[in-house]
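Supplied in structure tokens, the structure appears directly below.
Order of writing sets the labels: A, B, C and D. Residues in every chain begin at 1.
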Amino acid sequence: MTGKLTGVIPPVVTPLTEDRRLDVESFERVINRLITAGVNGLFVLGSTGEVAFCTDAMRAQVIDAAVRIVDGRVPLLAGVIDTQTARVLDHVTAAAAAGVDAVVATAPFYAVTHTPQIRRHFEILGDRAGIPVYAYDIPVCVHTKLDPDLLVDLGRSGAIAGVKDSSGDDIAFRRLCLKNRAAGEPLTLLTGHEFVVDGAYLSGAHGSVPGLANVDPDGYVRLHRAFLEGDWATVRGEQDRLAKLMEICLSAKGITGWGAGVGAFKTALMLQGVITTNQVPEPFDALTGADVEAVRTILAAVGPRALDPATR
Amino acid sequence: MTGKLTGVIPPVVTPLTEDRRLDVESFERVINRLITAGVNGLFVLGSTGEVAFCTDAMRAQVIDAAVRIVDGRVPLLAGVIDTQTARVLDHVTAAAAAGVDAVVATAPFYAVTHTPQIRRHFEILGDRAGIPVYAYDIPVCVHTKLDPDLLVDLGRSGAIAGVKDSSGDDIAFRRLCLKNRAAGEPLTLLTGHEFVVDGAYLSGAHGSVPGLANVDPDGYVRLHRAFLEGDWATVRGEQDRLAKLMEICLSAKGITGWGAGVGAFKTALMLQGVITTNQVPEPFDALTGADVEAVRTILAAVGPRALDPATR
Amino acid sequence: MTGKLTGVIPPVVTPLTEDRRLDVESFERVINRLITAGVNGLFVLGSTGEVAFCTDAMRAQVIDAAVRIVDGRVPLLAGVIDTQTARVLDHVTAAAAAGVDAVVATAPFYAVTHTPQIRRHFEILGDRAGIPVYAYDIPVCVHTKLDPDLLVDLGRSGAIAGVKDSSGDDIAFRRLCLKNRAAGEPLTLLTGHEFVVDGAYLSGAHGSVPGLANVDPDGYVRLHRAFLEGDWATVRGEQDRLAKLMEICLSAKGITGWGAGVGAFKTALMLQGVITTNQVPEPFDALTGADVEAVRTILAAVGPRALDPATR
Amino acid sequence: MTGKLTGVIPPVVTPLTEDRRLDVESFERVINRLITAGVNGLFVLGSTGEVAFCTDAMRAQVIDAAVRIVDGRVPLLAGVIDTQTARVLDHVTAAAAAGVDAVVATAPFYAVTHTPQIRRHFEILGDRAGIPVYAYDIPVCVHTKLDPDLLVDLGRSGAIAGVKDSSGDDIAFRRLCLKNRAAGEPLTLLTGHEFVVDGAYLSGAHGSVPGLANVDPDGYVRLHRAFLEGDWATVRGEQDRLAKLMEICLSAKGITGWGAGVGAFKTALMLQGVITTNQVPEPFDALTGADVEAVRTILAAVGPRALDPATR
């Protein structure tokens, strides 16, 4: 499994209907488009996949639909995000029973924990999950940064199979890559930062988990293949274009935070005709008006030309 | 309901058996002791009540047991803590169906939100809960501070009935009290800071939600009654003693964070003979050895003399 | 000296001319008005006193003017704020030579330090200053919170004579008061929080250093005297009024941060006829237009009636 | 000037004697070694150069010595770090009079400022400095992140000539590079992050300001030349080695924060025979014992082989 999980593994958006139920048909189009583009795996119920907003019933629907749609074509990972160990374990059990290939868990949050508890948390998950566990390092959400030495220890002991790094800390990531290499590469290391996937590859990442790949899967696949060929000029050029495209997430005036980012991904997918609406979960509202136009403008300028199929 | 919820409303601990199931008999002893001491309400599944650690099944057990034990003797509040609105609503529905009198909800967390979404979140809860909603201001856990003007607005519109303030921000609390008074007192304001309940009363709090009241309910009841009588010398003296007792939460050497605080409450309750073990949920370990002795020493010096019943 | 430094010790504003030189005549009026009101000491070059904005030449002017104007009528403290130990020592030497009675120093800042260096910093200052040193706990500026145990240790060893607490952490302040009392009161403890001086007194403060006392010295003197008499009803009432008046610092729409707070103090003093302009140092601009009117409105409603001398 | 300031511009350490005076002979050896290695400029009185610890007299000594030693061989930049505008301007005046080629200034700190004041601060500096001003983005010290749009605006208006980025935010840096390019490259962009200079070059950096270049100037010069030749395999390999060497800054057990980093640079320079002692300013202590041995071990394993001159 670890071997498979290199390359591009997009965190898949969760398309909603106007009344905020799962839009299964749009979900199917999103997933099939990603697989067609050549991604190496799929990650549902990440931060991009609205895990924090989905009720348990909704999480089950998303996983069941994804297992059915993917149908073994690529590895399927599921986020099992919750506050503390026992609650995460409930999600692990449900996800494993539904047939995902691996789960992705953060450090504990809400109640304050420190390194000994974070270590124990991942040890418990690794011990009881039955399927591979990936550590999700996302301090902007959980307010804890996972230490590189801790992660490599957890890799060596087999508790975790890899790391999805959304830490915003490229220095710690370089250190993690070097320590992992010195330990014999127990961990698969994936970056979640759409803007600087190229730098992460230079640092030693084995793959990427870019939310923007929902909008432009070909771009991130192309970037990854150029990296494998050592063609850094192409890597860099593609990354520069994708970084300009990622500005869709910073263009909204009417909304901020999570809703601006995922709201922009969904808006771009709607404009590309992939999903039906750009609806987002409560307490957020979908982008409208000038915010939609801002996405359209950026997409037209530096996007994958999905708005102009004739040029593809 | 709002009128009733002044005075001392302890956040009740959730006693566990050694193998981390709910210890119903200990829970019964804790609750009955609190009611006997004269508290004005009870709050289960707060941060002290391990809400972040309890699975949904465990949350249901805790609420069902509390409803049965309390049996209408005092108002019962339940924490409905979860990441975002839809997940919180699931807990609200379950708690209301089980018979609690009110629920306590934080701002959304994990995914980043800002004021407009926080406002909408509480408006949705207030609109759909069917029972009173209290806002829980606890930035150390949710990493957002609730703004005094927002809270008073939500009180005026009827979305929330009150605030449990665990913000650690006495300036914002004073401002909240004054703004609430200027608006005609729509909100019941409760402080969660064991160390400085007296200052909160001076600022305008209507009551307190002190975790340490699990250990010393008489002390906080005495403090509250002295406040009602305007006897500030007694208020201050009792608070000084309780602040010294609260040092049990900062005395552990072997553990930090949440486990040091609630671990100390449980250890003190065990030493007082109220609960059977001081077990805490994974990924934490119960206090042991010198950490237990530190609690014992402080309890003997400044505690409610529960260890020496002859002197009561 | 320590004995003297209880009561109200305002951090004195530094009035400027339009072209941002020291306005000595206004400074004289501010200081004399404070002494007339019965304050127990004066603190120049605090955060309110623009220490971070004053060149060394300007700091010397401020101290020289203050020494001359105060002329021994009350103890005079001076801020010696700078990044690290050697730079602070230069200011200490200058201030002591100019004749101040004590200096006020923060933890080191800019370069990251931890407890051992902070301890050493204050030990060096205490050892070499020749006059009493007060520790200034102001994490919003220096991004380090001074630990209560460290402060009491430094008091016991004679390195520092007291603490000005602007930490915004009322729990730590209560703990500091109790630990200081248990150690035999080596430290004089002063609160800098205008909104909650009453709570700090309840916790054990010996005095206050409220910037708002520039605007309403009588109020804080009255509050302190009521505290000394144990008249908590008056303490609380006066504090409620002063808290409402302190809203001048949160009323500006055109400016935020430091300039909103000190800008409002200066604007109120200008409206009261005490200083000539409300000029503030670069890179800030003085309050104008609606921001000035907001200060005027609050001052008229809950101020010391300085605008209507006939009613005094 | 802007054109010249690409490439490697090390922030030069400030060698001290045991009694903490400037060690001019060691300083001379450090500077000459850097110039011999082919660096493109020198930056004295940066964070690495102890600017926060140097008295004004010491700052003058450092600048005077550097001007004399460098003698025009490469451009010389000086840090003019201080809390707010007027104090920074005093340092600018002194540095310009002493003959440096450009100055490096941070956002204001200590007193809280926001974007309008930060913008005004740099506009004032740019207007009055008379020599080029570089913005130093170092939130770990000043607790403000400089916004990419603001920086490009300041570049376009001529207020600043470039940016030294020590922000630890590779996403913002990529955005800054792209926005600067879109604006016609008004800014020279330099990275201060020793661990990930390669990624910064990929993002669009024109040069680097690595403290570790004091220890291994050849490495960073080699890395830069490989970058200019588009030889990314060499860039990456050299960066991996330098990242391993940079672990000297994280190896100390006896000290943390600033003193661990610069303390390690100085210790390595002492072990290399370049400077006489590894003394650091108060309130820090020099590395000793096992901390020195840890530096020695890393230096021997992945350093520039300075300890084994025969192999050079």
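Methods note: contacts are C-beta pairs under 8 Å (C-beta built on N, C-alpha and C of every residue); 3 or more make two chains touch, one makes a residue touch a chain.
Model, not experiment: these values are computed from the prediction.
Any chain bridging chain B and chain D, meaning touching each of them, is among A, C; the list is complete.
When chain centres are set by their Cα atoms, the one at the greatest distance from chain C is A. Counting the residue numbers that touch the partner chain, chain A and chain D have more than half of them in common.
Chain C and chain D have Cα centroids lying 36 Å from one another. Centroids built from CA atoms put chain C at 49 Å from chain A.
Looking at chain D, no residue sits in touch with two or more other chains. Across the interface of their complex, chain C is touched by residues 168-171, 174-175, 178, 193, 195-196, 198-200, 202-203, 230, 232-233, 235-236, 239-240, 243-244, 247 of chain B.
Of all residues in chain B, only 47, 52-56, 58, 81-87, 89-90, 108-114, 116-118, 120-121, 124, 140-143, 255-259, 281-284 touch chain A in the complex they form.
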